[in-house]
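Chain lettering (A, B and C) follows the sequence in which the chains are written, and residue indices restart at 1 in each chain.
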């Protein structure tokens, strides 16, 4: 970007009634991030000098979510032009370009925004509107361009048949010369069917002043706005498609791409193989050559190289899985460091723990990390062997190369190289199963006969 | 519906040879309900005075499934006209309209049936045939309509090129004046290539009598018939699409709609978020604002508001999950009431039990509800804390705010506020893991050297 | 096939740079089998007398994978003609037909190959090229056919507009008279833009000799080559479609076909119902009438008739599940024989074991099969009842109809009809949970006040 200053206004005050939600529309998530979060991320890639988010009444949650970006209240919903005007006070001291964005278009990319801003600057235009050619132009406003100049934007409802035949439609996003924006907004009127102030009308006003406006054509997909849960699902689908294609292009095998769900920040190295039906929540990284089997659920976990995880593994925030480690089926790891080459292959819960390099955690092992009041840590040394169905009652440590017998409830520390056993002794009572069975069968028969 | 009487005949005697199944075709399920069950549900929405299901030999399972609707046997499969005639005896005393349906068209809706019946009545026609315009008319019979009157239905094989060019096809379903139906059926002949009695031929017969027949156009999707497993899967896909769109329209977020499977009776309130890969079997309801994470499997469970369930949770019939309760990964709940705010987050089986409000069930807890003869109940009081890896041997009760130590096998009741511990005491043997390891390694080396 | 001899050359030396993988391209898997493995399987269906796989430097893993087929090294990658020539030495003593295949086209079928070879023979042609008509011919070489004779193959880049309009494209695979092949290959030149020896040029050379060449049209899908992970996923999708349709045609219900993943060798009998989201790895067979619920992961397991498996079941290699057995949620079975009618319904690991007919394995049971050095077997007799949360420390045997009490750690054999209990005794301490709670709350409050 040139050295000229840039501010972004993100319009996010829409109620989103069709979402039928208690949550403000722009906070609904796509690929693990709120819609307005995606727009903010794209805006921030341009390193703007200021960002102002326009919110409606009762949207404190939006203000919290977009922080440190500032928010300004639009008390009444009187149209996009009215919403943009709400940013006048916070931008009173700003001088430079202003980019107007929408909080419900999460597919917009930084590249498109950069192109729009730069094209306006190099053209010396009063404003540049992002245009697009949707497959069905339908109800979109049409961009009327003559000799490279955007004369005005006409709503589909007001368009003549010739104007409706124009394929170039209004994508909504605009880059405007900041010295002109608020003056133009002041001159908007609400003399239309809906009685709203339309941002689009500043194009005609600027033209009336003899200023040059331009249209910059972009992709229709990027400006899709979300107004219902079905549209949210569609935008999610499109974004997942981008993320899947990007992963495959980098050398990741997705056996069934359509069934793998990514977050916007998922990082996967080459030669990782991901089976069908895997969920990558926020904050996940996977090292080269690791195999992820089907039915895994990840959030906030860093997995090393050459590891094997799943099927049916759940990695929760704070988990770290070392190079070459194995995490098997029905295993949960939370806030725990499973070091290189360690194995936890079956039916295990590892929480608030370290599992040392090369340690083996038997099937059914539980780190007992919670007593109803606090969380406590379990420390398992390198090369330790924890017998199946053991309970490790934290805080507790198992030394390097120590063994714990199967079925033990370990409440005291076990030194390195020691063996701990904590379980009952076996009593075997001959014939007792048979006599018990006969008695139960007789009882059952008596009950059936008695008719209870 | 008007006060005129209505009977439904559902033709369900088809063998369905291409299904390659021991199960009668109409009992194969779509969205958790048999195909004939869907047709019955649509028929029952019209509150008919009688329903007769025509079945073939050996289809006692169909009779059982459709009860209390009556069934009548069609001993030989001699065509749709012959099948409809089988309903004459059970409907001998019936006077009113007759609606003829097919047991293998599960996508038919009550709205369409109601429209067909009402249009016939208001038109005063002898019969009304449901028409449709499939994308590829191909082998469907064509409806030949002149001046609003349906003259006859011509089989595709017998049609002239002009007739084949007709897009309006026979959807099969008919509403017929009951005073005429069986008289018309008696006059059918089997003088065609297949030697069958075609129900469609009553149109020409009625016309020959000077009576008015009409066609009522409906959706091609609703009359899709199922003759193979591939068609069953296609009908399932279409019905799931309906159910998913309906859920989203009501304010439910489906992150990946295509991977969420509903039953016809699933009830979900607004602001529920459903992750990818979730199965809703029959009898499920989910309260407002509850989060359902990926990889959950539900049947017969009522989940309250603001709860968190999954990933990897299995809720079985008779489970009730209270408001704000948490059910975590690898947890199964069956015939149990988990009250408000209770938590069972990891690797647990809760069966035939109550878990009181706010109780905490540790990882690996099992309610031991079965002894090979009977099932017994576990009662866990409000605020109780069950240590990890515990076994609660039912019948047993844990009082309010009682604690059970980790790894305990509880066989006796625990009073309120008491602590129960039932496990072995820890013995720690210094250096024993090391010496054992050395011995095992030596044995292994000796074995390898010995060549066994 | 006629009695004439046949050799196959499979070209597999391509580097596959766009895969971004440390693994040779042809070893990437589709439907659980390497790509070159699929090509080999198709080739082997023709019972050829010899197969030679041409590999590049450093592809020892390919040689190992295709064994016992022989491999020959193509030291430099100088084009397909150069690659085919590398097979001259291993085929020096061979006399008969030669079929030239590609290791990265896993969708090719035996039927197509057989048709190509037989058509060449019956036509007495020097060679036959497999042609195809892709939807977008684009960059494919065009087959120029006049009066039934294939004159030459022209690269798209070198084609005239008229030639580009030809829809019949080069599918790559060729059947060649072995007496001519290497002589033709010797005359290839690398006088083209890429400086490579093109196999396709032997068509023009043979024509120049007055010999007849022909094109045999096949399906475009079968010759899709894989050069990127995205293409790998696409080929996987197409092959899965074939496998799913074949299963449904045989009488298997796939509730959601798109979410069920098969291996090329999966065997499923009729009236099996497979829920959504199921993974069939290599070596799986499922008997008639068995129900497979959602979220199952199978490899190397034989499941009998009328069994019920899942949801959330993982069957690993060496598992055998008998007729009518039940395997429930969060259950793993590995190298174990679960006999007819046995049940393991919840949270269990059965490894290196036998579970006798009709035995019942309680929730949370673990066979403790590994001590860090060796694997040991657990033998559970018919009709035995294993209490929940038990650990069976192998080697150990539980006799027929014996019982094990819940929560036991069994280290010694249990005779038939005996009862074994191996757990701690319960101590219940009145009021101790309450006083403990008060103390913890006071500590917490003190800590909060102290500010640490």
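The rule is short, and it goes like this: contacts are C-beta pairs under 8 Å (C-beta built on N, C-alpha and C of every residue); 3 or more make two chains touch, one makes a residue touch a chain.
Keep in mind it's a predicted model, so treat the numbers as computed, not measured.
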* To do: Just say which it is for the chain contacts: an open line, a closed ring, a star, complete, or other.
  => complete
* Asked: Does the chain A and chain B pair touch with the same residues on each side or with different residues, judged by whether over half of the numbers are shared?
  -> different
* When the centre of a chain is set as the mean of its C-alpha atoms, what distance in Å lies between chain A and chain B? -> 33
* To do: For chain C, write out the residues touching at least two other chains, lowest number first.
  => 258-259, 277, 295, 312, 330, 347, 364, 371-372, 385, 389, 403, 423-425, 437
* Which residues, counting only chain C, touch chain A once they are in their complex? -> 19-23, 28, 228-230, 232-233, 236-237, 240, 258-259, 261, 277, 279, 295, 297, 312, 314, 330, 332, 347-349, 351, 364, 366, 368, 370-372, 385, 389, 391, 393, 401-403, 408-412, 414-415, 417-425, 437, 440-441, 444
* Asked: In the complex of these two chains, what residues of chain B are touching chain A?
  -> 245, 248-259, 270-271, 275-277, 289, 293-295, 311-312, 328-330, 346-347, 360, 362-364, 371-374, 385, 387-389, 403, 405-407, 423-434, 436-437
